[in-house]
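Before I ask anything, let me first share the structure, which is written out below as structure tokens.
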Amino acid sequence: MVNMIIDGKNVSAPKGSMLLEAIRGAGISVPTLCAHEAVSRSGACRLCVVEIKKGNRTRIVTSCLYGVEEGLTVNTKSDRVLNVRRLVMELLLARCPESDLLQKMAKDMAVEPQARYAVDTDKGKCILCRSCVRVCEEVVGVSAIGLFSRGSYKEVGTPYNEKSDVCIGCGACVYVCPTGHIEMTSTGDKRKIWGRTFKMQACEKCGKFFAPVDQLKFISKKTGVPFKELTTCTECR
Amino acid sequence: MTNVTEIKQKTKQIIKKHKSNKSALIAVLQDIQEAFNYLPKEALKTASNMMKVPMSRVYEAATFYTAFSLKPRGKHIVKICKGTACHVRGAAILQDRFETTLGIKPGETTKDGKFSLETVNCVGACALGPVVVINTDYHGQVTINKVDKIIKKINNEEGAQQ
Amino acid sequence: MNENPDIQAHQLLDNLSLYYGPKKKFVAICAGTGCRASGSLKVKEALEAELKKQNMNEVDVLATGCLGFCEKGPMVIVHPDKYFYQHVKVEDVPEIVSKTVAKGEIISRLVYRHPETQKTLYREEDLPFYKKQNRIVFGQNGMLDPSKIEAYFNIDGYQALAKVLSEMTPEDVINEVKKAGLRGRGGGGFPAAVKWEGVRRAHGEPKYVIANGDEGDPGAYMDRSLMEGNPHSVIEGMIIGAYAVGSNQGYIYVRNEYPLAVTHLTIALEAARQNGLLGKNILGTNFSFDIHINKGAGAFVCGESSALFASIEGRAGEPRAKYVHAVEKGLYDKPTVLNNVETWANVPLIINKGADWYASIGTEGSKGTKIFSLVGKINNTGLIEVPMGTTLYEIIYDMGGGIPNGRKFKAVQTGGPSGGCIPERLLDIPVDFDKLYEVGSMMGSGGMIVMDETSCMVDVARYFLEFLKEESCGKCVPCREGIRRMSDILEDICSGRGREGDIEILESMGAAIADGSLCALGGSAPNPVLSTIRYFREEYEAHIKEHRCPAGVCKALITYGIDAEKCTGCGVCVKVCATQAITGEKKKAHVIDKDKCTRCGACIQSCKFDAIKVK
């Protein structure tokens, strides 16, 4: 175990864990947007920043990726920290004015939209947290979507904005997206996502459409389990 | 115009030269750009298949680096240096002139395929600023007059060739 | 460790250097990228042809890399007297050969003339540009044809490597570099030996050694000139470093925009391999090391270490968010030394001449010399190498020759987009790693952009933010969104749409972006804005409150007008105006229609009577 002082409190944390878990474990809240339990840490949103002190050197770091250290002093609400969080929220509010989640978070953090920033109308609700890209790469393993271009032109999608041959329509990206930016529509036996229409498999037992045929084929190929053994939905198993 | 088979073949050669090594992706894309003056979609698909790199990764690299173009480029690629020294010596005025005369903005190509306009951040010839590089030719101490002359010269050469 | 490397190494090099040496009489001509653009290759060909014609076959023509005094190119230096000729044209060549090379006679029209005293100075070392420099690294360029390894042998090239492999242990090497006090020349200023020690001690194989040649700061071209003009100095430094840390694989990451550097490095690597200096069993020892060249693809952010690694690994150049040092986990998550090209070029010198000699140059905290690029509104544009601790005043006035066209100095921008602007009252600052931080700037990679009263400091800030906006990788919110918003506000201010309170918003945003960004690109992005606000606040206020650009630069805030007394009615301006905004009768004073005029500057550039004024 490692001993630290967080917001004046003595806190112990397991070696090798991150500050974020230690802070939350101590009952102190830290806002996050790009951290998701299903995928590796991104460090992209910068909301979880804290001010740390080692010796007489202070630094602003993201708690999601900074490992716990013996003797560290952590301040989760210093002026510098609050300034960064406020800026991040103001910038995201201007980028995605339609996002309910961002508006709620801003309210909880007592942050108002910055009038000096003209709001974007072409970014949808995407905050570029990259959880979708990570889940497709790390969990599903097909990397159907990616992050293209750079800087403020950066956007998430499929190559050439065309239908992806490798997408299996599983919708994992939709589940991990914090703002609900990714569109997935289901009508009858069809599911549409990332510009491609997938035929859905009906459950053998209850008849409900529960997963795309392509996804089941993919699982079958990956695990060696024959396709016909995968045609029952999770509830009926 | 190169057809799809030629593109695939040439791309395969390039990838073989780099031993299909995943790390060589950037170098492979540079060679493809060198061969075709842009990155054809078929070339990127071939690269993805042969090098076993997901297409999204290939496309990520292709769109991240400004040295790459996904659209065919013109015969004469005009690069205006926008480094600080050239900026201070009036590079913005030259950019205006190229844009107005050629009717295109940086990143675009004239309809007749003659000119592409790009900006580049410092080619390291600061004593000659403002600098304009056309394909591999460096032009220094460029003035509006020189811009007009350069465009005229290239148009005349193209006209003579036809 | 090795069998008689002493004899093997030194003998090999001794034998090789008997092959070639520039004959006592030779003519050096700069063939760096800058001078090539001025036509120096044609002058070189003319020299070779003329020497042959006049039957002087014993005189060599040495096409060198950059010689530093870029303003005066094409440059020819006639050895052994080192007579310096500037702005040489092909037509001058016959005379140079028949008079100077053959008889040692000076051609006065080609010689440097001191702008104030009008005194002619014809020896390279007498020129004010060169006098106060200490060109321990860069000076070698003048003696080298960069495409011939024999030329490098001739100036004791690879002797340092031979000494290291035959007399020193890896720890000895690290200690020597530590004693010398070598700090990174890329901008970070981190003690090189401490980095090397970290990698030596780290766990993980293989270990990597990398030269950062991504020199992305606009206006800085020191690394280009080293890679073009003396590639072996970088290579030798890297081999020594690899030996010290226990690495067998190295990389040189070169900017895509430096094709000549890539060519010369490629030739140099091959020559080094052929001479047993690179590859397996270097100089007959059991130390093996080789280097691969990676070209950049147009991303300034790839100068940042973890983004550079990502690029070599074949991915988009996004920096890594994790808090782990490259010495522990760098390229492919293995221990990696990443040093700047200029840093590596210093290593053979330290080994050859000793740490004590090296540490005697410079200041207490910053040892050795630094190569700077002096560009912008300056008389003597070029590359200079000075001991650390030289003042900005000496650099700009003694070496740089001051501001052209009788204008007044306004500011010098140092450290590239990560740095800040320094006003006149602070010119006595000695340049080293630490002093420039105190005034809100930094040394960075060494770019120094001089500005005069016709530069608008708000426009400078706007320019840098636009640059950074285009170069941001886009991963983290403060940089991707914050720089864009700062850039928008500056665009507003320069276009007359600035609002009360904008300066305060920029200051507040700047602090948060600096603290919150993932890497140093975002972390230092606010510097140009904050430093110009600090020293030139009045200019910001004029733009915002009075819609006025004091320097006469911001197009939306100025108008062009014709001085009727100076205008001769020649009509040249009418022809170049793209919007037909100028009208007038022949030989009578013309008039500019302010509504049609876009302030593109074409008329001002073409008017021979200085009749068009900016208001």
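For reference, chains read A, B and C in written order, and residue numbers begin at 1 within each chain.
Keep in mind that, in the parts below, a residue touches a chain if its C-beta (ideal position, glycine included) is under 8 Å from a C-beta of that chain, and two chains touch if they have at least 3 such contacts.
Because the structure is predicted, anything quoted here is derived from the model rather than measured.
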item	value
Chain whose Cα mean lies nearest the overall Cα mean	C
Between A-C and A-B, the pair with more C-beta contacts	A-C
Euclidean distance of C-alpha centroids - subunit B vs subunit C, Å	24
Whole-Å separation of chain centres (CA-atom averages), subunit A against subunit B	36
For subunit A paired with subunit C, centre-to-centre distance based on mean C-alpha positions, whole Å	41
Two or more partner chains touched - positions in subunit A	147, 149-150
Interface hub residues of subunit B, defined as touching at least two other chains	57, 60, 64
For subunit C, residues contacting two or more additional chains	299, 316, 471, 473
Subunit A-touching residues of subunit B, taken from the complex the two chains share	41, 44, 54-60, 63-64
Complex contacts: residues of subunit A adjacent to subunit C	41-46, 49, 60-62, 65-67, 80, 83-84, 86-88, 91-92, 94-95, 114, 116-118, 127-128, 130, 147, 149-154
Residues on subunit C engaged by subunit B in the complex (per definition of touch)	33-34, 36-38, 70-71, 73, 215-221, 224-225, 256-259, 294-300, 311-318, 373, 375-377, 381-382, 413, 416, 447, 449, 451, 455, 463-464, 467, 471, 473, 576, 578, 598, 600-602, 605-606
Touching residues on subunit A, where the partner in the complex is subunit B	133, 137, 142-150, 158-160, 164-166
Partner subunit C, residues of subunit B touching it in the complex	22-27, 29-30, 53, 57, 60-61, 64-68, 82-90, 93, 96-97, 100-101, 120-129, 131, 136, 138-140, 143-145, 148
